[in-house]
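Order of writing sets the labels: A, B, C and D. Residues in every chain begin at 1.
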Amino acid sequence: MSGEMIKGTARARVIRSGEGFRELGLLVFIAILCVAFQLRNHSFLTLANIKDLLDNTAILGILSVGMTLVLITGGIDLSIGATIALAGMTSALTGMVIPAINPLLSILEGMAVGLVIGSVIGLLVARFNILPIIATLGLMNIVRGATYIESGGAWVSSYQMSDGFKALSTGTTLGVNNLVFIALVIFVLFWYFVNHTKTGRRIYAIGSNPEAADISGIPRRRLLWLVYATMGVLAGLAGVLWVSKFASAQGDTALGYELNVIAACVLGGVSISGGSGKASGLILGVILLGMLNNALPLINVSPFWQQFIQGVVILAAVLTNVAVKRNNIRLALRKRAI
Amino acid sequence: MRKSFLRTIMVLAIMTVAATSLVAQNYAIVFKNTGNPYGEKQMAGFKTGIEEQGFQAILRAPDQPTAEAQISIIQQLIAQKVASICIVGNDFDALTPVLNQATAAGIKVFSLDSSVNPAARLTHVNQADSVKIGQTLVQAAYDMIGGKGEIAILSATSQASNQNLWISYMKQELTLPKYKNVKLVKVAYGDDLRDKSVSETEGLLKAYPNLKCIIAPTTVGVAAAGKVLTDKGLKGKVFLTGLGLPSEMATYIENGVCPYMFLWNPIDVGYLGSYVATALVGGKITGAVGDKFSAGRLGNYTITKAPDGGTEVLLGPPFKFDKSNIEEWKTVY
Amino acid sequence: MSERSISVDRPRSLKRFFFQWEWLLVLILIAVNVINSTLSPYYLNFGSLVGSTNSFLDMAFLVLPMTFVIILGNIDISVASTVALSAVVMAVSFNAGAPMPLAVALCLVVGTACGLFNGLIMVKFKELSSVIVTLATMIIFRGIAYVILEDQASGHFPAWYSFLAWGSVRHVPFILMVFAVCAVAFGLLLHKTSFGRKVFAMGNNLTAARYSGIKTDSVVVAVEALTGLMAGFTALFLTSRMGSTRPNVAQGYELSVIAMVVLGGVSTSGGSGRIGGPILAVFIIGYLNYGLGLVNTTANVLLIIVGSLLILSVLVLNLRFGRNRHPAPPGAKMIARGKVPEEKA
Amino acid sequence: MADTILELRDITKTFPGVKALDGVRFELKKGEIHALMGENGAGKSTLIKVVTGVYQPDSGEILLDGKPTAIRGPLDSQRLGIAAVYQHVTCYPDLSVTENIFIGHEKVHPLTRKIDWKELHARAAELLESLDADFAPRALMGGLSVAQQQIVEIAKALSTNARIIIMDEPTAPLTKRESEDLYRIAETLRDRGVSIIFISHRLEDMYRLASRVTVFRDARYVGTWNVSEIGRDDLIVAMVGRAITQLFPKRKVAIGQEVLRVEKLSRTGYFKDVSFSVRRGEILAMTGLVGAGRTEVCEAIYGITKADSGRVFLAGEELRAAHPSEALERGLGYLPEDRLKQGLVLEWAIATNVTLPSLERFSRFGWMNRRREDSKAKELAERLEVKANSVYDLVATLSGGNQQKVIVAKLLTGDMKVIILDEPTKGVDVGAKAAIFEIMNELAEAGYGIVMVSSEMAEVLGMSDRIVVMREGKVSATLDTADATQEKILSAAMAATEKA
């Protein structure tokens, strides 16, 4: 290795290292899958199927926005499945009692339920320093139990729901299905919040280097609480939309759904150890998982292989994410060659 | 304060002792999992039946639909020396060991709705003859699609024993010459999850564009399919039938997506189960073929041979719900 | 410099001895039993009390290695899927003609292999948190179980096999005896051997352990392999209890096991905990479920009680015993050590 | 004195077992670069932490613009216009340069709390331009070199329009060219009226930049001079102070044959073609400036990291240590540089720490023998005169010196041939230093080969038989202590070779 210094430091614009590269990789992977699925079944890339895909993935998208905020701070939230059930059940029961209730009010009611649960978790994690996985594991059981008790074993079927309530998920605004519209609005808000607001950037800072964040006066505890409260609200909203979409509210709604949401975030490049995860990556991760859920039954892959394929895709995505990061470090090291 | 504390303990003790001696026996029913509407109604029917006869009913269901959860519940019931256990099995074979223990402890064991291995049960209360269910559903699909075209089945989990039983009889029925141009293209599994049932239904519609009819022998699946067909406006193009709750299916029967479907009144199933329980405990029947007993408001029943080698009691033919009677039933269950 | 003699006798402070978290768990266990016996007259008979252990002891095998995993500062949520896969492989190989002992061996081998796979990925990709690695393998292992057995069940094991879960020797359930042996073995391994010492060292300060010449990678892989082996044990006893197996068995075991270890006082920030706590927690939760079951408490009330018990215990542990600190930045952790932590290792 | 911007009077700060600052004085004029020099542990970094509010002084006064002010935390110091650029930059690797500059005090649109990225990036670019940085504000912080990250820290200080910037050993990790850039930046800042406290070991930095220099030694103020008036040797004497000879215990030992030989060891980005050898009973000192790559070399030999090329021979046989356990088995022990993070398990007692590296010796088939463990710990602790009343005392409660002794005891549980001590006396009070030197001599007399990594001239000259000087990852000189002088060492450590 020749010893002389790396020649000249011209005004080289140091490209944003691996991050951009990762999203590109994900996009290429999705494109390949699209082609493969299309070959296996010509109705995959039809407008109707795309619409179905988006409808089914909208709720997953809404939840993964909240989960990404939690993951960026290095935390995790296992309780959202239960929050969806409780929020959905509460709004459905109220809808049964007061049929004329305005659907938007039902949504607010669901979000309120979510806010309460999210705030309790935020308090436990930020104020009492409990590890997020333990706090949300405890809350998951408590909230799921509460849902069963609230419903008293009863359930709400579609005929007991006002048409307005059901239209929440089937109706359209500006030609786009409500669910997809809400998901897009939330994604835009998330993109704006994470890239353009002070609080948003500070959430990244907390995840990236907690000590430095404390020293430079970033209110870590308050932001942690905010993140879990937001996740709660979004889970509450998703609960109402879930009940409206499937026109039924039961005790065991969305049992174990939190793992799908975490998988979507991980596919989108959000690192569990906190600090990194981009809006563009997240959208691709959600779409990729949505595609798997939509296409695998379509192209007649035996249902028994579906779970295995999903697991392998997640592991592959996560390992390539690490490989890309390692490559950047090697690059930076070579720059310092003596 | 101490004195009153002592007094309450004394009262409590007396009460428990009294409770056990007063009531001759407790009758228990164990459903698949909690929060399942169909199960709630079935247990309600069982409760009315038992209390009608002056006994006490114990209604149990685990939070997860797993065999191991039901096993620990059954062990708790054995410890409580209940008179009989009516089990709605999450698994055909897995409950055999624990049920044998219950029988050994002198408890009358029989299954209801979802059967268990004949070796572990005295008899099985079947809402309708599994073979007849298979035939009726295939016949219904045949009528809806005018005898010609592709049909698909949307089931619950791949492990649900009653589902697999009905599907096998449906396939057997389809081998008859009458159904020669009715083609079963796929059996999909919605795992009794709403979101999976929806995506599986959408998958069926797109994988088989000229699919004529979907048979969903599960309350969750048939409701999810109803919603998808309604949203996609496929009324008249793709028919739907299966086993569904009138309350859940009301909208889809009224809007014509599902001309008619079948089920049995889960309340009646539970009610019949309660009478099987008391009959077994009272020694009126032993569960053998030919035994006769009366089941309160439902009249008399005889025990017949079951296709799986054990014996069963048939509630009666599956009840048909269509536009004419859905209005009346949708508020019942 | 005068030759000052340094004593070697262990600091024996009575107050600290009786102030340990394990004593509180013993009190809770006693309280649970007292309440249960007042609630239902059927509770206090020896047969059912001992007999009921087999309904929660098969999960208990996982609690032992999970204690090691959490002391290392990791978390493994793939254990339930490993149980499912091991059980399915055993059943399928038996029905394919393998003699039962070979099938049992296969079950343990597959379990250990899953554990090894987890360990190797964790060690080769240190950037990934253990939660992520085990999330992916959780889905993959159960996926393989579905691929193998699809929608069928598999069983018809020889008669003697049900003895494992149901049999008892002079009124003591066989499963309780096997668990007791494993508990003692794991307890000694953790507290009395050099391997246990290394686990504690790595849990407290992974860098210092590595600089002291400890092969940290092989310890992590060994712990994960042990977890896999114990998952094989759980599969054996669970399948024996049910007489047959399916790909969807042992759903949700991993979260209950983690809850029991944390309730047992093992700190989630790593480095501290004793085997006694989690074992007590197994019996606390086990008898809580059994006792409340005797009075037919509905499943949802049980969920709430277990959930709140977990949160409450972690709160108390956190505030009173300084454990489960969210892994505070290392610097602050050392300076903040105002209170002298009680003697570990 | 009108233009004095910052004055510290009679500042004292003590930590358990060590007095970090003992009544020090310091005075900084407006628009002046004032160098602060002194050996390791002289109290320089503690002073910075006091001025930036990380530590509160036990006694004494801080005067800003003549007014006594209390600085309670980093936020206070930022508000008062005081900023620090640390040697190990604490930054957000996943965020862009602009954010690292403005995090915490971004200017946001009052209503929408929207960050005006265009304006922020522009200001960042402008700041970087003024510091003629060669990277764009959008670059990810994690991808930058240490020098570039320092420029960002300086830009961050300027963004809070700091009037005082403290630079702690900034040139240590930098190459010659990067140091030149830093000098130019410091000068442009000075011309703009920013006062700079420049802390460094390198005399070259001081002569090049500072107008005045203050020297600290052993936590006490020695004196302040105009750079033009003080010669190199007087400065070194001021820094080192005490006559070298009497502090270091003499030893008489026969130097045996070679026990460790390193040939052309290299690792991309850290060090290249490093060769040296150590004989039994000999103490080889490895010195050079912070960041010269000495620790990296030791870690490669010990097996913490992997060298790209080169060979190591221990007692004649090749040692390819892929893991510390192999080095320890073959008899090569390493006392790490960072005591707390790398050397000890603070939550544990003395006994368990001491026996950690050689657990196999205290267990049969894995079964720990507590009795043997405790007695060995007691024996070593007493031999090294660790001030503790029981082997069950927790290491966290010991003083720096005693902790260091425990780590040495760790190495002595196995039978070592060579012991590498990385900055053994860093952050240790003078009394403990003497004890550690005592131990090193005993080890040498017992026939061990000793490698001492140190950046303190006095120690290097006082204790070693031979000296290896490293600079920027390469061995710049190998001297016999007999004919070595401070000037020779310092010049080898600091002189910039004329290459581009």
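One rule holds in what follows: a contact is a pair of C-beta atoms (placed from the backbone, for glycine too) under 8 Å apart; a residue touches a chain by one contact, two chains touch by 3 or more.
The structure presented is a predicted model; accordingly, all values stated were derived computationally and were not measured.
Taking contact as defined at the start, I'd like the list of chains shared as neighbours by chain C and chain D.
A
With chain centres set to the mean of the C-alpha atoms, which chain is at the far end from chain C?
Greatest centre separation from chain C goes to chain D.
Based only on mean CA positions, could you tell me how far chain A sits from chain B in angstrom?
36
Centroid of chain A to centroid of chain D, CA atoms only: how many Å?
Once rounded, the distance between the two centres reads 44 Å.
Distance-wise, how many Å sit between the C-alpha centres of chain B and chain D, to the nearest whole number?
Roughly 74 Å, centre to centre.
If a residue has to touch 2 or more other chains to count, which residues of chain A qualify?
Residue numbers touching two or more other chains: 144, 147-148, 211, 251, 304.
Among the residues of chain D, pick out those that touch two or more other chains and give their numbers.
Within chain D, no residue touches at least two other chains.
Multi-chain contacts only, two chains or more: what residues does chain C have there?
150-151, 298-300, 302-303
Sort out which chains touch which and give me every pair.
A-B, A-C, A-D, B-C, C-D
Which stretch or stretches of chain D touch chain A in the complex?
For this pair, the touching residues of chain D are 54, 73-75, 78, 90-96, 99, 103-104, 106, 108, 113-115, 117, 134-136, 138-140, 142-146, 175, 177, 266, 268-272, 472-474, 499-500.
Mind listing the chain C positions that touch chain A in their complex?
75, 121, 125, 127-129, 131-133, 135-144, 146-147, 150-151, 255, 258-259, 262, 268-269, 298-304, 306-308, 310-311, 314-315, 318-319, 324-326, 328-329, 331-332
Can you check the complex and tell me which residues of chain B touch chain A?
Interface residues on chain B, with respect to chain A: 33-37, 40, 63, 158, 186, 188-189, 193-196, 198-200, 202-204, 206-207, 209, 223-224, 227, 231, 245, 247-248, 250-252, 330.
Give every residue of chain D touching chain C within the complex, in rising order.
Per the touch definition, chain D meets chain C at residues 304, 323-325, 327-328, 334, 336, 340-349, 351-352, 356-360, 362-363, 366-368, 374-375, 377-378, 381-382, 385-392, 394, 396-397, 410, 435.
Under the stated contact criterion, what part of chain A meets chain D in this complex?
1, 3-5, 9-17, 19, 192, 195-199, 201-202, 204-205, 207-209, 211-212, 215-218, 275-276, 328, 331-338
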